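Heads up, the next two complexes both have chain A, just with different partners, chain B and then chain C.
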Partner chain A sequence: MHEEWKTLFDPSSPKQVPLVRKFFDGWKVTIGLIVFLGISILPFLFDLGKAAPPPPEPKIDTPEIQKMVEKKCIEPKSFMKTEHMVMLDDWRDWYVREGRSIYTATDGKQYNISLSNTCMKCHSNKKKFCDECHNYAAVTPYCWDCHIEPKEEG
Partner chain B sequence: MGISRREFLKIAGASAIVGLGGISAIEILHPGQFEASQVSRGPKALVGKRWAMVIDMKKLDKQTMQKCIDACHRIHNVPDIEKPKEEIKWIWKETFEHAFPGQEHEYMGEDIKHLPLLVLCNQCDNPACVRVCPTKATYKREDGIVMMDMHRCIGCRFCMAACPFGARSFNWRDPRPFIKEENKEYPTRMKGVVEKCTFCYERLAVGLQPACVEESKGAIIFGDLEDPDSEVSKILHSKYTIRRKSELGTRPSVYYIV
Partner chain C sequence: MSFGLSFWVSLIAVLALILVAWVGVEGAKLNFLFGAIIPYVAIAIFVVGMIYRILKWASIPLPFRIPTTTGQQKSLPWIKQNKIENPSTALGAAIRMVFEVLLFRSLFRNMRTELRPGPRLSFASAKWLWLAALAFHYSFLIILIRHLRLFIEPVPSPVKFLEMIDSFFQVWVPLVYITDLMLIGAVTYLLLRRVFIPQMRYISLPSDYFPLFLILGIGITGGLMRYFYKVNVVGIKELTMGLINFSPKIPEGIGVLFYIHLFLVSTLFAYFPFSKLMHMAGVFLSPTRNIANNNRAKRHINPWNYPVKVHTYEEYEDDYREFMKDAGLPLEKED
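So, the complex of A and B:
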């Protein structure tokens, strides 16, 4: 052990322990800390002064929805907004694995369990409905690798 | 000293009971959003215990076979890839000697040896593919159909190695460019998954017979083996039928009248 350090652990030592100890290689450590700090705040620096991306505005103005007298989804909007992914996950297990193809909504109406044939029949605007929020939240669900998305303009 | 063994066990037991009770209390007070009772089978769905098929080769000519194949592949978005090593097939033609190895002999005429037969996944009762699948992506349904859950398939191809009938195809590439006419109602597959015939589970769910049965003009009969009054049961009872490689013990559900 360093001779100077020994006194720290020895209460009987008459030698006084300096309050501020020598900062070994201080300048190297300081530069290292500054570089580390700089790199870690770099993403924030890049975004400095830029406006936050506009919040997503999913559209529901498809011909099929316009035709509806009462514009509502199979479950309440607030529920669909937060839980649609859970619902789709359950739907796929019920349909594919359990062979049950009819979903009874809370209001008693029945729907075929199908992403392409039930959800997307109304929400035929994938780009303005699905992608709008998914891009904003940087999530990339792989539904469309297999399920065929509705044809859209543009 | 802290606590005795007796005291420790008392505390541990009591906290286990409180913990478990707490979990069920949460479940009761705040139930999950979805209940399985919210889903049901379709009103017209065909329900069976063990679906099976009898293919009467005497009634099936080449044109009808092709029609069956085309109908199946069109409905299920099966890509048409020319390369034999990359081709995808759910139902296809196979020569007699290949479909029934061991049944041929040297005195057999060329026309019988090369007689085209319609073959597809045998929906085995004891499926080798299901036993080897590490993710349960392929599994046997209650009605006997050996299903594929494409969401779970990781493309390991164990099932292809296990299947003695070559009924499974692997997607070596994105199949979409090879689909001439997409059926919007049915999904395609993606690169890296295995696919095969599913006995048209999606058609059974809405009360329709499998596509090939519909196209075959009565040469393919579909029904429930567990139901003694079904047409397949009656045919199997009264006629001589054979199955592909039954000696392997996978108990195929596709029977042939040759």
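So, the complex of A and C:
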């Protein structure tokens, strides 16, 4: 064997390859490594042995919605999905701070600015609609700090 | 490398990474590669690389305890020892380590040194680096913990609580996280420090700029998809829960910004074991922080000393006893 290589496999040589070498303060380093490993796989441990939970399915089958001929929200679904919170925030500012009470949608239709009476009239199923995604994504909107939650079964 | 090269090479590298993820997902539709394979590989490199480097460090002998840290070492009884800065016990060293890891005590001693007219050398306390470093690391940690909401279902209440505290001011919708502003502000400061302070600029290399740009990129893409170009968080959680349960699934319509964010994060994790970011593990192995200075109380044998063949005085006397006696020299042992 080449001289250089010999020193690599000689346990008394400081040039030796790491995994064959002696470790110093071995047990302390081991504890450290176990802590590191534990923290890095923590999220995996939480979910160990469980199947991926089913994704949320917000229900839009309330009586009010079923009565509608054309089942659609006041703005397109894609817009509502990502921007509803911004819209509700705007509504609050317009109504509470500017005294505006009418919202004109992009299709020209007009609606009363009211969470409880406009939104929740159709989406009367807060638990099966709003909460479904909010819980999954761990979002806690503070709407309900002021607004009264609709009374529901279950 | 010159300043210009170091700075621009790092910036262009991070922009190139963004472009790669963008083209890979929008153009080549490699969603599975960027959404599952690369993250898995990155995590594996991170964990294995970290362990490998720590073991490599742990195999280096430590022959001597460092006595010249910033406190008075244990000495004569009437000289007061600084038990934390220059500990003589393992407990003292552990306390010193806790201060270092949680409060960055060494950085707190950072000084500004200037040559004033005269010429006069002046030293002044400089706490900005310490403050920005602390703000940066703690916001990063809190953001990381908050991200657990994407990986655990149902979301544990401590994670929710942290989120509530972090969005305490309830401004903007979605609520602005204090740590987002702190992270971006602190990283920007740490970056500008290297650009505008001449000495810092002189010693800064791509390995300094690249992680800063990378983390800034992660923070900015994260912020963009929360506050401005919203992504489908429910779809993302389906993806992340799939990853964590080892049944990766790539829902449609997530938004390319997420893949860019994830690709930058994957790069950070994979790059980590090869970079200066290893100080995360290295701080625990710092000889000026982690060992008690007990050189005067205990004998520490250099582990790479080979056995030296010695010839003691007793043996010497045995060899020459007769001659020494004849010459009238004093002997330890008569005949």
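By definition in this document, the second predicted complex is superposed on the first by the 124 of 154 C-alpha atoms of A that agree within 3 Å, B and C clash if a C-alpha of one lies under 4 Å from a C-alpha of the other, contacts with A are read in each partner's own complex, and residues count from 1 in each chain.
Heads up, the rule we're going with is that a contact is a pair of C-beta atoms (placed from the backbone, for glycine too) under 8 Å apart; a residue touches a chain by one contact, two chains touch by 3 or more.
Keep in mind that what you see is a predicted model, and the values were worked out from it rather than measured.
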item	value
Partner chain in contact with A:137 - chain B first, chain C second, else both or neither	second
Partner chain(s) touched by A:102 [first = chain B, second = chain C, both, neither]	first
Contacts of A:68 with chain B and chain C, given as first, second, both or neither	neither
Which superposed partner A:34 touches (first chain B, second chain C, both, neither)	neither
Chain B versus chain C as contact partner of A:24, first or second or both or neither	second
Partner contacting more residues of chain A (chain B vs chain C)	C
Partner chain(s) touched by A:79 [first = chain B, second = chain C, both, neither]	first
Touching partner for A:51 - first (chain B), second (chain C), both, neither	second
Touching both chain B and chain C, residues of chain A	83, 86, 142
In the complex with chain A, residue positions of chain B that touch it	33-34, 36, 38-43, 45, 77, 139, 141-143, 147, 149-151, 182, 184-185, 187-190, 201, 205-206
Chain A residues within the chain C interface of the complex	12, 14, 16, 18-19, 21-26, 29, 32-33, 36-37, 40-41, 43-44, 46-47, 50-53, 55-56, 81-83, 85-86, 88-89, 133, 135-140, 142
In the complex, chain C residues that touch chain A	43, 46-47, 50-52, 54-56, 58-62, 148-149, 151-156, 159-160, 163-164, 170, 173-174, 230-234, 237-238, 241-242, 244-245, 247, 249, 251, 281, 284, 303-304, 306
Residue ranges of chain A touching chain B (in the complex, touch as defined)	79, 83, 86-87, 90, 92, 94, 96-105, 112-113, 116-117, 142, 145-148, 150
